[in-house]
Amino acid sequence: MEFLVRTENRLPPDTPDETRDQLRKAERERALQLREDGVLKRLWRVPGRNATVGLYEADDPAALHDALASLPMWKWMDVTVEALATHPQERT
Amino acid sequence: MEFLVRTENRLPPDTPDETRDQLRKAERERALQLREDGVLKRLWRVPGRNATVGLYEADDPAALHDALASLPMWKWMDVTVEALATHPQERT
Amino acid sequence: MEFLVRTENRLPPDTPDETRDQLRKAERERALQLREDGVLKRLWRVPGRNATVGLYEADDPAALHDALASLPMWKWMDVTVEALATHPQERT
Amino acid sequence: MEFLVRTENRLPPDTPDETRDQLRKAERERALQLREDGVLKRLWRVPGRNATVGLYEADDPAALHDALASLPMWKWMDVTVEALATHPQERT
Amino acid sequence: MEFLVRTENRLPPDTPDETRDQLRKAERERALQLREDGVLKRLWRVPGRNATVGLYEADDPAALHDALASLPMWKWMDVTVEALATHPQERT
Amino acid sequence: MEFLVRTENRLPPDTPDETRDQLRKAERERALQLREDGVLKRLWRVPGRNATVGLYEADDPAALHDALASLPMWKWMDVTVEALATHPQERT
Amino acid sequence: MEFLVRTENRLPPDTPDETRDQLRKAERERALQLREDGVLKRLWRVPGRNATVGLYEADDPAALHDALASLPMWKWMDVTVEALATHPQERT
Amino acid sequence: MEFLVRTENRLPPDTPDETRDQLRKAERERALQLREDGVLKRLWRVPGRNATVGLYEADDPAALHDALASLPMWKWMDVTVEALATHPQERT
Amino acid sequence: MEFLVRTENRLPPDTPDETRDQLRKAERERALQLREDGVLKRLWRVPGRNATVGLYEADDPAALHDALASLPMWKWMDVTVEALATHPQERT
Amino acid sequence: MEFLVRTENRLPPDTPDETRDQLRKAERERALQLREDGVLKRLWRVPGRNATVGLYEADDPAALHDALASLPMWKWMDVTVEALATHPQERT
């Protein structure tokens, strides 16, 4: 099933650049892995913010939670999840 | 998977008693059917309101939508659905 | 550019079935056309509601507005649009 | 009587792992005790968040408060409680 | 147990005076009865609005719901209920 | 005149126990004094939270403010005040 | 004591001009009376809206309520009242 | 001084086309006049909605109110106004 | 023109008393000056909070901003400004 | 395409003056550059706040994001972006 996932990154502005860069690099790698696993299908930036909108697919909400919690930035992220229903127009 | 479902019934206050009674009776029958099908697991009233909180189980959000939309009162209901993840404490 | 579009359908519950059916049929046809034009890319139902989340693509917000306003149900819909930025992970 | 209880865990992201692990272990033990006492009946995770939805049973709101405040994480939790009324469909 | 109950009266402004007066009279009588039964303990007006704040006492949320739903104006009222816990300062 | 007063206590979770205990003791003593002065008439806990709902009586909003600001925890409290009007049912 | 009072006028847009004019004239006369009685001290328009912000003075919230409810438009108005405390800078 | 003005048009969906067209035509004419008077400086559509964002200039909020209230659609519009301060970067 | 100005003072609770007292004294002096300049016309306390409601007069929003930003506490204040339109009842 | 951009500056009040001044100077220089590039078209202050409303033009939301994120204060700013559609009155 598919989920719409919004994230707001609350990493403090005074985080040292080195820490921030390491986190970003690790985040990108984990996201790439989630893409390869078919969990992360699309990702957009909310313009102007350190925030994203993503389209995820997972077996159930618990599996989605585990995927999101595996992101290195997760401890600093405010995440909201919305379960989407397949629209009859797309059921085939 | 399980869902927390809130409903607010917006049936207009000036609905004739007969119509209201027929709708309620049909609603109860359909709810009973959903219980027997294992879709509606628990139902509470929000005290003071014509509103409910329910615990539902369905294969996915589309199946849940179809179950909710099959309720005779659905056209008048404001429904919000929250997909719940099994908590590790309850995974066995 | 891509847009996330949410719609809430406010068609009154006492709309005659015939009117409702005609509107739905016309809506589906227009939506199909927008898919063929590459404007409507994905559509989901918000479970439990007469509401959708859609992924649209259009040249600019004015073109998107014209597409949405061409939907037969538009007069009864509460629509919110969010412009999405391509995420660097997807820029290639 | 039954209560729907939502918790958001606000433990700071920079809490040392050891402290966090000790708190989690103590939390799990206290939660297990509340289950055995029949106070905590169901617990779900809000997917994507360090947050839960729980179904509790207690004699009254004061007894529920004491149970919640006995959780080791309580000082860091934002908790909201909703008292539920038994639905006539379930009164027997 | 005690509850804080807020009501907003949505009776349409164009309700005929006679209907309104009959409803108000019946409302006052029912409220008086609830006072005598020890259910309605205090009642205030929200200044400037057709709205009240009340302190109620009932065995549980279901009993409170039945008391509120017995008010002749109930169909037109938007009611919110908050369960209160006895404060340790008042436990004796 | 009477006021409904809500407080949320924002004392940081990492406040040393000794400081917290001293503040609580001083808070209780000051609250007791306000009860004896007829200012604090009732006090409830919001279940699950470090928060209260109180019924206060004071000559006017300025006198109420001085009473609330005299509480030792006041600097850490988020307080909201609602002025209540005597309901005609209780005017005698 | 002084109150800040906000009003939103919800008179339906399709109200006949004659009814609207009569109501406005009666409203103005009653407001003038409230000024002469020292109850209505200042009145502003919220620009762009059929809404006002007013500074009122009354003995207590019940007296204020009676004054506001005496306005001919009251049945159509959404009114919110905020009790203000004299600031120490103005206490003399 | 400049104002940011948002409008939501609440004209009922079942308004006859002829009435709607007449109102739109009159609205456009009045808006053109406000442009010529230097009151309406820019106008945008909120994509997907029957709503606008506008940049207005007027001597003061009362003059702006009169300009907005002169629009034929005004009775059906929900309007919010925000007074803007010239930014030092643009003060010359 | 007149403005309604709300302030919430976010000075941290652990600010040393000496700093707090110096800021308050400087704040009072600056406010007195703004009164003498005819900018600050009335000031109220929001009961229970470290917050105020004020009635200000200034040539335009930029002049008001400069006056507010000249307050020694401004860096810690959350300020919201509402431009008010003279009501026809008070235009003379 | 044009965007309405709101910023709230969350730079902590206890930031040393020197740091603050350097940031402001760098911010002004970058903003000037964005003006020269035709990205920043208008900028206003929200009176009373360390906040702005701006009118921006960019090829798409991603280009706008890059422009905003290039501001030296960006890490401390809460930014919200609204994509605007050209109004038919201004299409020529």
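Chains: A, B, C, D, E, F, G, H, I and J, in written order; residue numbering restarts at 1 for each.
We take it that contacts are C-beta pairs under 8 Å (C-beta built on N, C-alpha and C of every residue); 3 or more make two chains touch, one makes a residue touch a chain.
Protein identities per chain, from UniProt: A, B, C, D, E, F, G, H, I, J = Muconolactone Delta-isomerase.
The structure presented is a predicted model; accordingly, all values stated were derived computationally and were not measured.
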| item | value |
| --- | --- |
| Touching both chain E (Muconolactone Delta-isomerase) and chain G (Muconolactone Delta-isomerase) (chains) | F |
| Path length in steps (a step moves to a chain that is touched) from chain C (Muconolactone Delta-isomerase) to chain F (Muconolactone Delta-isomerase) | 3 |
| Superposition rotation for chain C (Muconolactone Delta-isomerase) onto chain I (Muconolactone Delta-isomerase), Cα-based, multiple of 5° | 180 |
| Identified repeat of the E-G interface (over half of residue pairs identical), from B-C, D-E or H-I | B-C |
| Chain F (Muconolactone Delta-isomerase)-chain I (Muconolactone Delta-isomerase) separation of Cα centroids, rounded to whole Å | 26 |
| Chain A (Muconolactone Delta-isomerase) and chain C (Muconolactone Delta-isomerase): spacing of chain centres that average the CA atoms, whole Å | 24 |
| Two or more partner chains touched - positions in chain I (Muconolactone Delta-isomerase) | 3, 45-47, 61-62, 64-65, 81, 83-86 |
| Chains grouped in pairs wherever the two touch, ordered by label | A-B, A-C, A-D, A-J, B-C, B-D, B-E, C-H, C-J, D-E, D-F, E-F, E-G, F-G, F-I, G-H, G-I, H-I, H-J, I-J |
| Residues of chain H (Muconolactone Delta-isomerase) defined as touching chain C (Muconolactone Delta-isomerase) within the complex | 13, 45-49 |
| Interface residues, chain I (Muconolactone Delta-isomerase) side, partner chain H (Muconolactone Delta-isomerase) - complex | 1, 3, 60-62, 64-65, 81, 83-86, 91 |
| In the complex with chain H (Muconolactone Delta-isomerase), residue positions of chain J (Muconolactone Delta-isomerase) that touch it | 2, 4, 28, 31-32, 42-47, 52-53, 55, 82-90 |
| Of chain A (Muconolactone Delta-isomerase), residues touching chain D (Muconolactone Delta-isomerase) in the complex | 3, 5, 10, 61-62, 64-65, 68-69, 75-76, 78-81 |
